[in-house]
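Please find one structure pasted underneath; my questions will follow.
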């Protein structure tokens, strides 16, 4: 048991840890359920598993399908929030809350009693308001382009693209999200035409990235807000800290408490099966396995992160990380 | 602004930081609302403010009314959970969830749809189930005694006592808690007679401690589960980590996200105005100011912790703590 | 089909209609589920079926087990409401609403958002407030006695009694009702000690009556508030009308709309399997069959009333009744 | 007090009753709040009051602004339901419930827990499903035309028209209804494109009628489903009865219980300030006053109907109507 013997944190052989995790995950029989509400997602094989760990010094360890692109879906909410905070600052919090919702990712119930203010920016309703903010005076096409450029810059990778098949699939079947957006528009908390807001939102969700690219894009969140290669400040240290806090309390819908309990890491999941997790000051981590658990979070992705923390002691709640 | 200039973390003069915080809090005009549902709580002056910070090496910094005892109320839920996990282990989680509730501390709504299983052990319903577990085969008097001995041992202070006036006040007016307990008994998730369970629960909430005592009692949570003086293991490192995770996601009722956003520390509040916060590996902190914000958490206590983190960089989301 | 050929309402042979209904019900295979939360209720055979129809002129038609006493349970709420309105008048409506709840009979959810004011006097929470009103300055024993005398007088039958085994069973297992009562006490809408209020409530529910007795007790509701034998006014015509309206909109919990849709009669059901239904100006009707449908209302009792209305045209929504 | 002296029902001077009611309403200072969510509705003067009573024999009594057309809004749901039942029969009830919702007219909460099945056809969500059914294989333009022809035939008045300004206003600002429709489409309970469904729905709500026309259109509901002039069966007697039952239990949103309690009549209100009420076998009644109470029902319209019933004894719960 990891508690019985303290992991040798001075020099964990990360390469072999990552390799072993991928090997274990590949053998697992129970792999969860692949999201099927968009045809393009449903065709992904549940056998896929990838992991990428980028350390503060830039070292990168990968295993499995770490270079295969998948639909990042809700993980994009982290990048969208980062952009929107850059655009309007803390005024954003007048339109979106900062509390765990205690509800499913697409729940509309809470919006009624709280007059169109979503609980946090990581549930669908909150992310739609963030999209509305990002639209600003732009046309959706421009805002989508800006978003893609931002993610490419974060990841230092110009090959990242949007999967138009996925984006179109959402546009055709995203009735719940259309409902959420119109509902908030009735309260004045969505201000642009709903089809424009969702045009941006659905394209942002359809960004396709590999684990390697995703871990790269998340580096600023482990590095006090700085892009490690350019040295440029993406967000202030305080804001980076706070985004991490939001990821920990709200990043996995009504499974956020469980994820924090098991991994102790800020993380954000997507229904494509990806999870971005941050060990502040230490590592930016991306895992991917398309099968989801009953809360809509990657089943093996969560387990892989739990294993990683067991072997590295990277939980933010573990003092060993301060050694 | 703390973000503009990185705090000198190598040698923060904690004594003066703590002193300055207490001075600022003493001057604040807006002090929140003192809980009045029990007469014994309503008589406490909103002018009180205390803070105690105990470092990993045992150094203790205090300011203000750090030696005045107050009713720890819901902070006791951390100690009760620790005891119950020791008694029944992870089987506890079959009767209590690990998710933020998104509701007020005494909400009964969620219990109906989730068949009597409380969302987490830090809302009232969850703590009542924990009391039911702690009763085991004991009479309330014995279980209360055991709880008091446990808290005294944690704090290394035999003078800690239960305020019987407060306990009796809860017994007389705690109709909502009686309702919660009976409601869960209807689902079979409270198994002892309700009056016995609540006898234990109300006495546990009525434990009176000073900031100094409370910070001392919390030391095991910063020290991988070990009692720093005796060296004895109170809980395993993994369990300490997980209790910290629960405090961060669920420790402030429907204000937990906000508290995590602002302070970045695992913490547990009580309606007596106290907060216990943990900087893993670094410090155990207790603050006290009786006035509450609209979510039932200490208004100035929260602000004081925010200030402390700004000056020390102790947020679990801040990589500087690993320096 | 009853719609195809208008029933001969001038002289329906009620005796044979009632006989045929009982015969059909006796043969039905699907009989619903007998309530089992009190042992004394669970032992009743689902094969039982009784019906009694008392006309405005006093003629009484019965069939099946019409003289076997059963536990009237929630049907008692009609008599309790009548008494309480007599005691405090329309001031009662400051503590209880007049709207269908849209929820199950023992739901606690609505109480939280509406600050302890139950939706109507026919859900458990509302009936508990009515009991609290009826207690007035009495001890439970006196109030129970008064209630029993009232029901006996309505039915002109001194043999009606309370089944103490049922009453004690409720006292031992009624945790949800204890929760409801304490919850409302927290809001100040239950004012006597909960055990006294529930002592009255559980005894009122434990009144045992046969269909014949129950139909007799309901006569004042078909007769503009007058007791047909004594000629005494039990309630004013307006109040009788309004109690009937409440029975139609709220008498079958979250199955009230369905019952009104199918029978068109004001009615009140109990988990003992009884239903009291009123055809204003025409008849007071009691049916009994212990098996319940998924909403907690007598499955065959409802069907029997539907048949009766099909053959007699007694729906309050049918102009033929004015012929 | 009406209860003290039984009204002389054999020959109530209806003309003077109706006149007196209009006179009283005209003088009332408190007139409620005119709906303002559509500009075209907000401009109507709160001073307006009209009443029309059409007896079974065709006699018509009117007073006040009985010939001024107003937007019938949700009253159209009665006619739409009637048409849809004609089109698909009781299969309709697989997609819409028959229970009071206990919620506001535009609530979305219940839809989530009940998987997109609205509680009844008289809340917005239910009426939108009815519109979806009415669309069938038609284009919205055809379905709107058919609806208008149906209402004109019921009222025997070819001058009834749709107020296009109102219809366009709803199309531009009806975000909540768009949300409801999309939400149900996500559950598969709206099957046509939402803009087509709402095109029909908003036009149906924008039908403009006077009290005289509305009372005429409602005659089939007092006459066992038959159109009194043509003698043609609009619906079967049983269906007429059931529509009346639904109006009584669900016709006034979360004020349905209160309306039934006070008037004892099946009725359906609209936010334009109109109410259609039915005294089965006796009269079809329309009242109109634009000011609404806090539940969205006409304040003076309800009071006028209460007065009418006090003087006529037409409550369905009053046996005198059978004399």
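Which chain is which? They are A, B, C and D, in the order written, and residues in each are numbered from 1.
Heads up, the rule we're going with is that contacts are C-beta pairs under 8 Å (C-beta built on N, C-alpha and C of every residue); 3 or more make two chains touch, one makes a residue touch a chain.
The chain list, named the UniProt way, goes like this: A, B, C, D = Glutaminase.
Predicted model only: the values in this text are computed from it and were never measured.
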### Partner chains that chain A and chain B have in common
none
#### Entry: Identity of the chain that, by mean CA position, is farthest from chain A
C
### Summary
Taking each chain's mean CA coordinate, chain B and chain D are separated, in whole Å, by 55
### Query
In angstrom, rounded to a whole number, how far apart do the mean CA points of chain A and chain D lie?
49
#### Entry: chain A, residues touching no fewer than two other chains
113
### Query
Could you list each pair of chains that touch, in label order?
A-B, A-D, B-C, C-D
### Query
In the complex formed with chain B, which residues of chain C make contact?
107-109, 111-113, 175-176, 178-183, 185-186, 194
### Message
So in the complex, the part of chain C that touches chain D is made up of which residues?
### Response
1-3, 6, 56, 97-103, 110, 119-120, 222-224, 236-242, 244-246, 248-250, 254-258, 260-261, 264, 266, 280-282, 315-323
